[in-house]
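The structure is given below, and queries will be raised subsequently.
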Amino acid sequence: MRELTPRQQQLHTIIFGTHTPGGKRFDVILICAILLSVFVVLLDSVTVVAERHHHWLFTIEWIFTILFTIEYFVRIYCSPARFKYMTSFFGIVDFLSILPSYLALFLAGSSYLAVVRLLRVLRIFRVLKLIRYLSDMNVLLRSLFNARRKILIFFFTVLILTTIFGAAMFLIEGPERGFTSIPKSIYWAIVTITTVGYGDISPQTPIGQILAAMVMLLGYSIIAVPTGILTAELAQEIQREKQSVVCHACGKAGHDMDAHFCSACGAELPAVPATE
Amino acid sequence: MRELTPRQQQLHTIIFGTHTPGGKRFDVILICAILLSVFVVLLDSVTVVAERHHHWLFTIEWIFTILFTIEYFVRIYCSPARFKYMTSFFGIVDFLSILPSYLALFLAGSSYLAVVRLLRVLRIFRVLKLIRYLSDMNVLLRSLFNARRKILIFFFTVLILTTIFGAAMFLIEGPERGFTSIPKSIYWAIVTITTVGYGDISPQTPIGQILAAMVMLLGYSIIAVPTGILTAELAQEIQREKQSVVCHACGKAGHDMDAHFCSACGAELPAVPATE
Amino acid sequence: MRELTPRQQQLHTIIFGTHTPGGKRFDVILICAILLSVFVVLLDSVTVVAERHHHWLFTIEWIFTILFTIEYFVRIYCSPARFKYMTSFFGIVDFLSILPSYLALFLAGSSYLAVVRLLRVLRIFRVLKLIRYLSDMNVLLRSLFNARRKILIFFFTVLILTTIFGAAMFLIEGPERGFTSIPKSIYWAIVTITTVGYGDISPQTPIGQILAAMVMLLGYSIIAVPTGILTAELAQEIQREKQSVVCHACGKAGHDMDAHFCSACGAELPAVPATE
Amino acid sequence: MRELTPRQQQLHTIIFGTHTPGGKRFDVILICAILLSVFVVLLDSVTVVAERHHHWLFTIEWIFTILFTIEYFVRIYCSPARFKYMTSFFGIVDFLSILPSYLALFLAGSSYLAVVRLLRVLRIFRVLKLIRYLSDMNVLLRSLFNARRKILIFFFTVLILTTIFGAAMFLIEGPERGFTSIPKSIYWAIVTITTVGYGDISPQTPIGQILAAMVMLLGYSIIAVPTGILTAELAQEIQREKQSVVCHACGKAGHDMDAHFCSACGAELPAVPATE
């Protein structure tokens, strides 16, 4: 970590901080700008609107892009740990949200990818001091993290099954009924096993329909697997969270009942457990 | 709260009360009238029926509307706390259920919105003294209330994801394959991620189908998130309810084992816990 | 309960009993006959098969119907409590499974309803002495029974919501886009909220698609409600069952740890709890 | 179990073992070969690719088949319990993964079934020493095993219900609206109850749509049953696993807190419980 000059320190408080009125005002304006710029991108994609107002929308989009670009470089400039910021989740999102507009100079159409900006809005929880939201988000993320191996095994199994079912359907139904190749049949199997069921490709021979019915019933029951995994993990996390002290400053839960200071930000913990 | 005149008191007992035979009879007649009036609205929307019997249906609808309007004003008249009633859930529903018929004088067709009346039927649980139903409804509502933040975070994430996937599909598939704009592509992404899958728009290029398969598998696994959240909360609520005393008069659960009077209505609590 | 003559007693042991070799053999033959007769009905509905072999299939169907009719009357004859049998679940199913064939004499086509016979096969669990299956079935049924009020409230809410959404879509999309009446729009709303999504009717106006997206997201999250309810009840039932003694004779679970005889059939209970 | 000659012993260590560098290298190469051979099969099914490169793909496929055939016989040769290997899960998969290519000599097209090979990749967990993955997989499998009876009862019920609903829809809608036979109507019922909803067959009469809506709402609520069953079992398994000692050598969980050696492989257990 570098020493920051007073000027950098000041910028850092405004841009990264959320505790001062200035820092809060900056973040609120930023979120509004992001939502507005995404709205402009959406409008620009509607043919009727684009035909009439493309010039204006194009101009507004570039103004936002330039502002976000300046903001990105100021963030790097006033960050105490530049490389750490640039490789953090929000650092990468900040970079990706300005990239598409510049890419569009070479690759027509890629400017639409600027909607990735929306991910920056996730900062809203920190800005609005929604501690309980942050805490609940942590519970969700930790449950997903605890369940990661089981979910990976599940997806692995689903992919193997859909490949085998896809190959079988390709043999049974054949190219003349829409199953033109095994990859396309795998696509059909995924559409079916996830119970989406577009109906753009559907089995027409009796044997194909019997196999399809089996795939559906299988999908119907394995839908239970990720739900079961996550529910079991969530139940444990919620249990654990309710029995622990939540930090009022940063939202970190999981402190022991007799802990006095937050292990993440060092703030003093409330005396009574936050059982709500 | 105002003092009620004896006349108002009498009307209040009949219209708002459910303990006297008169109050109960009034509510049963009211619910029948609501169901009948909604049935008339449904019938009036069927072309074959409307062509022949529109005149009759129109007359019946207006009779019901006038009756409900009178009832609404009598409710205000005999309410001890007028403003509180008018801004309560049922007060707003009562108002909304007469509004569409009058709106239809200016805006043709809006009379169909009178089906909002159905919400008034929710009073049925109070009328029929279905205490255990009220208690179970409370468990459901309290679980949803406890899970509100987690569900909001979830929807927030789903909206951001569908916007990003929608923009990507708009780029990949393009207007000539049904993805005419980013908003429409977002609609497709929601149809897909919720596993509804109408099939009115569906990807046709290999790359589009690969991305669609990823959206489906993602939808398939995040379907687990709200289920997991609610199940974990429900399990806790049911546990808590079974360990508490339920009031036989108003259905409120959650009293301590040694409580003697209901904290909501003041009625005496049963000695033995209602473990069913 | 009447006194049975020795002849009736003998018939009762064979037809209702499952403990003697004769009773078991009778039930196995019965289940095979039911499956065969349903298979004949299915075959008879396939045009290609029916055109060639209708005569044979028709004859076989009537032979089965007559056999099942005789069986039904013998069951009544040798039952110690005739009225109780006739109004029991299996008594009604036994009656309904012979009715369609006779109805077909007056109402062409109703013979296909003979597939109701399949419900009789549920006896299989009792026949094959699948005690653990019976016990697991009891857990499932008891969970559903405990959750009945919550599930009713849920369906009540879904019906009210779909009616209101249906009326709104009827107004927005109108008859020219497939939403020909409010009842049909309610059908669309149910197809959408349950995430089935046939695509036979689908919104085409931007406002209709926004409302549809909201219905889907709502459906996506309320899918969590019945799952949550049932999971919470099931978890409790499974917990309770594992902590109780299961009768080896009839499968009834839930006996206290120190119980000596089954409260349902009087058989002696195992000393060690069936924790598996 | 036979005595192995030193040569057999050496081969066994490489082919079956995963502890030596040689054994690990062999398995990694094997998994790459399998994935490559499946990729070749997928490519060969795409018409555009097959037309140009069929000759090459055909040759590569046969090289892989011959290699896998040799490997299969070497596995038998160096297995201490030949029959046990041949009838084990992986023994059967190994056999099935070479069969389709030979079958294709007689039955054109059956070579596509070679994708069954993918199942062999499941060995990856053992190869990469992903102990926690193995342990999590065990939790999933044990939950499914514990829930097997409940899931069977559930499928049994779904099949009976879809048959009855299918027959009813065949009567109501009839062959002229796509419901050409009872088996096809059962296919429709399964498509609907699992919420897949292709839309290739859909009810068009008002009565048919009312029945369909009932099937959907039923499907919507019974989707809760397998989820509830599995979640309840999973929650118990995860609980049990967290309170037990996991073997670091083979991943077997469920040892008592004071156990010193793994009951499956005999390796020494860690002193502190693996609570993660």
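By written order: A, B, C and D. Residues from 1 in each chain.
As a convention for this text, a contact is a pair of C-beta atoms (placed from the backbone, for glycine too) under 8 Å apart; a residue touches a chain by one contact, two chains touch by 3 or more.
Predicted, not measured: the structure shown is a model, and the values here were computed from it.
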Touching chain A and also chain C, the following chains: B, D
Rotation in the CA alignment of chain B with chain D, degrees, nearest 5: 180
Interface composition of copies chain B and chain C: same or different, split at half: different
Remotest chain, chain D as reference, centres from CA atoms: B
Approximate Å spacing (C-alpha centroids) for the pair chain B, chain D: 42
Chain centre separation (chain A, chain D; CA means) in Å: 30
Distance from chain B to chain A - Cα centre to Cα centre, in angstrom: 30
Multi-chain contact sites of chain A, meaning residues that touch two or more partners: 154, 183, 195-199, 223, 227, 229, 231, 233, 235
Contact graph of the chains (line, ring, star, complete, other): complete
List of chain B residues in touch with chain A within their complex: 149-150, 152-154, 160, 163-164, 166-168, 170-171, 175, 180-183, 192, 195-199, 202, 206, 209-210, 212-213, 216-217, 219-221, 223-225, 227-229, 231-233, 235-236
Chain D to chain A touching residues, read off their complex: 38, 41-42, 45-47, 109-110, 112-113, 115-116, 118-119, 121-122, 132-133, 136-137, 139-140, 143, 151, 154-155, 158, 183-184, 186-187, 190-191, 194-200, 223, 226-227, 229-231, 233-235, 238
Contact footprint of chain C on chain A as seen in their complex: 195-199, 227, 231
